[in-house]
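Note that subunit A is present in both complexes that follow, paired respectively with subunit B and with subunit C.
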Partner chain A sequence: MAPVACSGRAVGCLARGLQAEPALKKYDAIVIGAGHNGLTNAAYLAKSGLDVAVLERNDYIGGATVSRELYPGWTYSNCSYVCSLLRPELARDLELPRHGLQVVPYGGGVTFKRDGDYYGNYYDHNRQYREMARHSKRDANAYERYATDVMKQTRLIRPYLLRRPPDPTSLKLRDLRDLLGFARSFTEMGEEGLADTLKFWTKSVGDYLNEYFETDVIKAHLGGTGVIGTALGVYSPGTAYVLLHHYMGDVDGNVGSWGFARGGMGAVAGALAKSFQAFGGEIICGADVDRIMVSHGKVKGVALRDGTEYRANIVVSNLDPKRTFLDVMDESDLPEDVVRKAKNFKIRGSSGKLNIALDGLPTFNGLDQNSPLMLGDMHFTDSLERLERAYDDWKEGTWSKDPYVDMLIPSQTDPTMAPPGKHMMTVFVQYAPPRINGGEWTDADKAGFEKSVIDQIAAYSPDFRDLILHCETRTPREIEAEVGLTEGNIFQGELTFDQLLFNRPFPGYAQYRGPVRGMYMCGSGTHPGGGVMAAPGANAAREILMDLRRPDVVPGGYADD
Partner chain B sequence: MTDNYDVIMVGAGHNGLVCATYLAKAGRKVLVLEAGDSPGGAAASREFAPGYSVSSCAQWLYQLHPRVSRDLKLEKHGLELAARDLASVLLDVDGQHLSVLGPLAEGGRLGGEDRDAYKLFHEKTLKYAKLISRLFESRPPGLVEANLADRFALVKLGVRLKLLGREDMSDLMRIVLSNMYDLMDEHFDSPQLKALLSVDSVLGSRMGPRTPNTVFGYLYRRVGEVFGYTGVAQVKGGMGALGEAMAASARARGVELRLGSRVRSIDMFNGQVTGVTLASGGQLRAPVVVSNADPVTTFEKLVGFRNMETGMARRVSQIRCDGGAAKLHLALDGLPRFNGLEDAQLAQRLVIAPDMNYIERAFNAVKYGEYSAAPVLDISIPTVSDPAGAPPGCHVLSAIVQFAPFEPAGGWEGASAAAGESHREHFTRLVLAKIAEYAPGIREQVVASELLTPADLERGHGMKGGHWHHGELSLDQVMMTRPFPGATQYASGLDGLYLCSAGAHPGGGVMGLAGKNAAREIIKRGAPV
Partner chain C sequence: MTSKSDQTMMLRTPFHNRVAAACELNAWGTWKGYTTPTAYTDVELEYFAIRSTTGVFDLSPMNKYRITGPDAEACLNRMVTRDVSKIRVGRVGYTVWCNDAGQVMDDGTIFHLGENDYRICAFARAIDWLHWCALGFDVTIVDESDEVAALAVQGPTSCAVLLAMGLAGLEQLKPFGLTTFPFEGATLTVSRTGFTGDLGYELWIAPDRAEALWDRLFEAGKPHIIKPFGSDALDLARIEAGFLQAGVDFVPAESAVRNGRSRSPFELGLGWLVDMDKPVFNGRRALRREQAEGSRYRFAMLDVDGNKPAQHSFILKGANKVGTVTSAAWCPTAKSNVAFAQIEMPHGAVGDELVAEIYYQRELQWTRVLAPCKVIDAPVFNPPRRRAVPPGSF
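Entry: the complex of A and B
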């Protein structure tokens, strides 16, 4: 196995020293940041025939879609860790499978209870029904209705992922037409369907689940996805949408299911990079952009921290909105409202991560090691109340003392992640605030955070602690420092409904265009948001090509389910 | 059995009386049945200790629609204000109180920058409140099965939004979905100012400042300013006097009002509402029944789930109407002294909530069915402006207390962790201790006290869950989804049954608009055959 399938070198990106070109080469377009959206955007610009360069600060590409070998023999998907939302239209169109992407679906999943029992999530429909009925017959029956209702919302939203959001304040023909289209697809649902949709978008995941289920552990198992990556609790209105956000993906057409990218999430970035390079694009690593150069209201290119300049009339930022407008752009080049809106943009991190190399497969209370439940996501929070209390800690400016974890052992499904017989565990942790009581994270805080997670897992697994060979702990501080996600927010901005659709990242700039001519945004901070979807990158490319009056090479969304 | 009523109204709450009066004005013969022995519903006054009386639920008047007031000739029928244009004062332990009235914020530790920022914020949000208030004055438009009137209403809304201008329109569409905590941080530095405005956004509901939706809650309250109230007003004789004035107005229009007449059920035959059965056994018939009870009580208790389709029953049972606010009444043998507050200022609205995190922590408790250890208080001392409510020289303190669950585990009379007292006693002690931090001598002045929990409010006023607004005012339960799809335009979805309570659009607060809009809808849908 290649040590790390997608390090920058492996996909042939140029280290800056090795660059053959003179420093002043002019490109048609420059994309800042080789995250999955930056690469997608660049791939489509290159596909349409433009001369495109992607500049990446790190020595490896991928942003938060990355695989790294931080312990010899183990591959960590050390930021994003599972795959589902990646738009199939794009994966197909950019021929990602040909470029090495293989997504293997996983079933299973389990929430362990404090009383020693657990609730399992089986792949088989009848087995699942029996498991639910073991806890509550009523819930088992309600699940049918729940699945249908959530799927209805999913179907509704999927076609809009690959479209730009219409601007309701605009009187332009295209916006009015888009708005009318929106309105029409909503009115097709009828008054009640529409009301249900409005409710779904504005409700808390806790309230939503309470409408269907009575069993704590079932609600907790389903409800966790409503707060992942989000600085809200399960009782906060708006979190039902976050649940939907995690449902609207698919693996090979199985809507709502999740999978592992073989070789870790870096495989996604790797395949995108190869696709981009196949269209003639160029990736330059170790290129730390200092600022976007603007002259007379037009973009001229970018300047690196070491003084090197790259010229282009199109500059696309894959950075989050705060970094884009407050770091790499000069305040004097921007309208006053953009600076204010960027400052007010909500991007508080709420999550941390532990990546753990294990000497063997741990055993968990009451669960057979060969159980298919082990293959999926494992949790230890058995009630919505415990989930909500974990959020209260975040509000108080500290990490959760009883954290919610989304824990997986992908090496059971993908043997490339760890040596034979050994295992790799990824533990996503909710909640961890961007700052501790208003101050920076210290190493002692980080150790405290790590301990609360390890203790949580060890309370359900007697041999877990002894199997740990290496543990990489990432608080929002580490996520920001390495990947450049401000405040460690994994979605490049909170997915609250005041920051979705035409409000993402903020009103007036939700159609990927920046306030300066030639400047664009393509990160998860734009519609439709984060989660390794690649849709923002593709949508931004479509807008850029439209402005350049070039043919649209970006596929539109289609409902294929 | 007299069968010659056109309309039977269940409940003489303020919306029921408003609706009945408008119907009578249009020539309908209306009978209003009220279980209690006084009209007004949550606009009520009660003697809670010998010689001491108080507005037992709502305590301030700040949203009553001027048109309703005029049409019902409430002043002629006895409505009088004891005080109006009262400022909201955020109490400070050291006496540095912040006072806000209309666009003016003064005192406290407020910097000049915040004072100016508040003026701008006030102006901007008033504009938004104005737009929202227009929506309140008519039935919520249908979005899909829209008739010409609905389409026209939608177009008008669209035009009004556009007329805000691009910047304000997009700002409104962003913040209305947002939470108060972040909005306050965007605009102000002063923790006092942020806290005082945040209290307005969560009053009467089960939300904290960080809860998305709370900006809507704030704009909702600001609608009162559009209706002519700068600050809050106090009704002479307590809110019960408003109920009495409305009842007098209704009677003058020929409405028959029967107090102490509890409705046991709303009766149906072949899917058509036929009348009501009284708890005393008698039956009354009318082609139209209007319920002023909250939607859950109406459908679950009065109509009965077995008389409706399961989807509808499910929607009713999903309405969130758990209250989060309690009420504390204190009978005092003298005027309380608050640090740094002059006696004249005691007539104003006094608020205890030092900062937004304090409010948020107070809210945390109620999520888990507990009451706040350090609660948020909205205090009125009505006897300063209206001495008739207490014996000479004595006073009444009335406070809205947040947050309290419907019932803590074990019930309000159950033993609290602090052994030797019930939850009710414990919470009363906590609230009193909190007031005493600002008014140190108050404990010695207390002659009698009464705590009304959400459970008590449900018992006393028939409001399910003890929720003042007959259902949470969150975005999933307002406008086109209030109380639930299929029953949003006052017609309940059951032939002959209409809704006119705060559980219908536009919601709670003593506004009178739910009653007024419902009457118009009932009249428009044609005279009953």
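Entry: the complex of A and C
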């Protein structure tokens, strides 16, 4: 497939504003969705010299990496709110710092207990040991073993983030070579290491943590990340991997560290967009894609709901697999098994979000306002049992009455989020089902959900309620409607082993190529999954460029060793 | 100094009580006989205070000399390579000074405090050299290193912090500008200078007002997120900003024992500080000869592939060693792997592609990588806010 120059006639048509005749501008490639992966993918295609357009349904870009000012003077990271997995190789290569991105690490975290005490997960290891030992000396010591074991698993998986997953059924040389490398990494782990790996990928986070720790609050603090964004409970098999997924990122080489994108997560998308535009790319907002046009098994372009058509021989979908195959593609253009697999794809909504403008810094029971723990992630669920019960509500078709929250006050670290002395709070909430008792979320349901979260925070912070100036509440209904994530699933599909690596999104289509020639996928629904990594977008670009027989401009991953 | 030398091994700066209270890591280093922190709580977080909010660094041990008298300008002009007459009252100038062989003795800043009144801040002790340079000039030279306490206040919210502290009008101060404010019965001198490459100021105050200054600063800074930082974070910031460190990136000429180990300003990439139009200054003849005959070395800023800092690396061209790295770091804001190197001529021109031979260790096992690197023409970090007048509030 050779790249095609854009048609001059189409430009003329647009200039004359001939609405009746659909625009015929032809691009080399069109990316649907200006999320961070769509923009990354487009940036690499444009860097390679292709004429690329990104079509975005909203009037603003970013998808789930978005910042908006909904209350004057306050910036919210409306969806994703912290950053760790964004690959430094891509940030450097696409010159994202020059385009305005800065990721500032934050430290630590805290889980408040119902008895008035708390567990402080200090950033500093010595202090963290001492704090753990306050609850259990044995746990404090076991944590060292736990940290080593988790690091072994991140070391195994990190080299595969910026690579396409090898197809185990393929006899192609590249796949065989990749598989061999994969096998070698596994063999190096040894028999015990391999057993650990399988355990990690299949076990529940609860069972995994029970092997190391005896203290409820410590297990609850560490276990929360095992269910974030996942419609599973801490005792559901497969959740240990979700925990690993949250550990495998890094900030400047500090594996497991998390940071804030200065100015909000929209800074990630903003910098990617500028990088893309610096390579000559074009972003078209307000472009609501109706369908990917296919003819004779080949992609021809996309048609918008307003009738506008954009032609391209390559169309890349940043949408989740369900939206891609069941919404913007016509069933008759697809193999029957793809439609079935897309229907069966697990992308269950499990979470909601509150973004709150605060008139000052709230105080929390038993915690000094100057404590470094205030700077980290805060939680109010002090046992795995409560986490599991929060999941019970989801299964019952309602939001958790005792929700698990991952709450941060980024304005203590980032001076751009709120006026001096004022604060912005981001509250990730689990669980919130995609539908309430089988029906749509109503405004009353949304108010109930919001109340359960605010009540919980207020139970630990006496002045919190009085400091609230504005609150944006997002249930799966809003996340799906505004961001386009099916059921409001933040990862574009659950991160369980059956949907990872060569099974993501489904077997046979895990190397970013769709079932139709010229059609590709680049969203978090592909390997290595969600979490604002930008790796799926970059990996997909590499495959596209390979198919076009163009030089690879996508960097490989840094080696940890 | 009034105390006998055996009373204490390390001196304490006028801010020591406050610094010690904040230095949770007890990570102390030494700086010209003073005990100063290498880190307070966490190097990364301190570095990000400089780059995202406001960081405060105690630079009291800096050598400071006051040069006054009718010949002050002429004396300094004789000593340093820059044209001092161009540094107007209320301005600060960065410069180097050389020995007779045109080799850099030190770099520093000249503060033009008033008519015939200068202060020079230097890395190395310079009172002896100043006296030699003053021969025949009508000047008075005073070592006021211990008489002036100083804090660097650096970062994007630093102007907002100082405005909140009551330094009205500071937002109009230009880079390398200098101004004064009354402060609790004394004079607070503020210069828009620093060693971080970011928006930033340096505050100069009498030692007996030091603690009061610290307290006022941190109180005013709280809503703007203020944090003290140690020398490790400073090192990271200055490498990212492309600043040389005397004693690290070059050997001060008069302390070099081995012949050929010192460097000229041209060899340090500091030729822009040399004003050959000046008829007389120390080292001029030698520098003129170097211009005619060519330099031996070239300072190169390298963008190194991968994420392993090229500390202490050899730099190769093909199979040949052509240089060594003097400073290197993974730069967290610029997301670049930067190294400063001394490269043998004719190598090291901008765009030159070289290889860094990097050694690093993982769990006691050493690994060697040959990382391609490229000579870049400008520092990787140079934000517009550094020059903006007035600077924004963040």
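Here is the rule we go by: the second predicted complex is superposed on the first by the 537 of 561 C-alpha atoms of A that agree within 3 Å, B and C clash if a C-alpha of one lies under 4 Å from a C-alpha of the other, contacts with A are read in each partner's own complex, and residues count from 1 in each chain.
Heads up, the rule we're going with is that a residue touches a chain if its C-beta (ideal position, glycine included) is under 8 Å from a C-beta of that chain, and two chains touch if they have at least 3 such contacts.
Since the structure is predicted, the reported quantities are computational estimates derived from the model, not experimental observations.
Enquirer: If subunit A is used to align the two complexes, do subunit B and subunit C fit next to each other or clash?
Expert: Fit - subunit B and subunit C, as placed by superposing on subunit A, sit side by side.
Enquirer: Of the two partner chains, subunit B (first) and subunit C (second), which one does A:T363 touch, if any: first, second, both, or neither?
Expert: neither
Enquirer: Looking at A:R262 after the superposition, I want to know if it touches subunit B, subunit C, both of them or none. Which is it: first, second, both, neither?
Expert: Once the two structures are laid over each other on A, A:R262 reaches subunit C alone.
Enquirer: Which partner chains sit in contact with A:Y235 here, subunit B, subunit C, both or neither? Use first/second/both/neither.
Expert: So A:Y235 only meets subunit B here.
Enquirer: For A:T197, is the partner it touches subunit B (first), subunit C (second), both, or none of the two (neither)?
Expert: A:T197 sits against neither subunit B nor subunit C.
Enquirer: Here's one for you: vertex at subunit A, rays to subunit B and subunit C, all C-alpha centres; what's the angle to the nearest 10 degrees?
Expert: Spelled out: centre of subunit A as vertex, angle of 130 degrees.
Enquirer: Give the label of whichever partner, subunit B or subunit C, reaches more residues of subunit A.
Expert: B
Enquirer: Scan A:E388 for contacts with subunit B and subunit C and give back first, second, both or neither.
Expert: Touch partner of A:E388: subunit B, not subunit C.
Enquirer: Based on the superposed arrangement, let me know which partner A:R92 touches: subunit B (first), subunit C (second), both, or neither?
Expert: second
Enquirer: Upon superposition of the two complexes, what minimum C-alpha distance (Å) separates subunit B from subunit C?
Expert: 21
Enquirer: What does subunit B use to touch subunit A in their complex?
Expert: These residues of subunit B touch subunit A: 142-145, 161-162, 166-167, 169-171, 173-175, 177-179, 182, 186, 210-213, 314, 318, 320, 357, 360, 364, 367-368, 474-476, 480-481, 484-486, 488.
Enquirer: In the complex formed with subunit A, which residues of subunit C make contact?
Expert: The contact residues of subunit C facing subunit A are 41-42, 44-45, 48, 51-53, 156-157, 160, 164, 223-225, 306-307, 330, 332-336, 362, 367, 381, 393-394.
Enquirer: Of all residues in subunit A, which touch subunit B in the complex?
Expert: Residue list for subunit A touching subunit B: 168-169, 186-187, 189-192, 194-196, 198-199, 202-203, 207, 211, 232, 235-238, 337, 344, 346, 385, 388-389, 392, 395, 496-499, 502-503, 506-508.
Enquirer: Going by the contact rule set out above, which residues of subunit A touch subunit C in the complex?
Expert: Its residues touching subunit C are 88, 91-92, 96-97, 102, 104-105, 107, 123-124, 251-254, 262, 372, 412-416, 420-421, 558-561.
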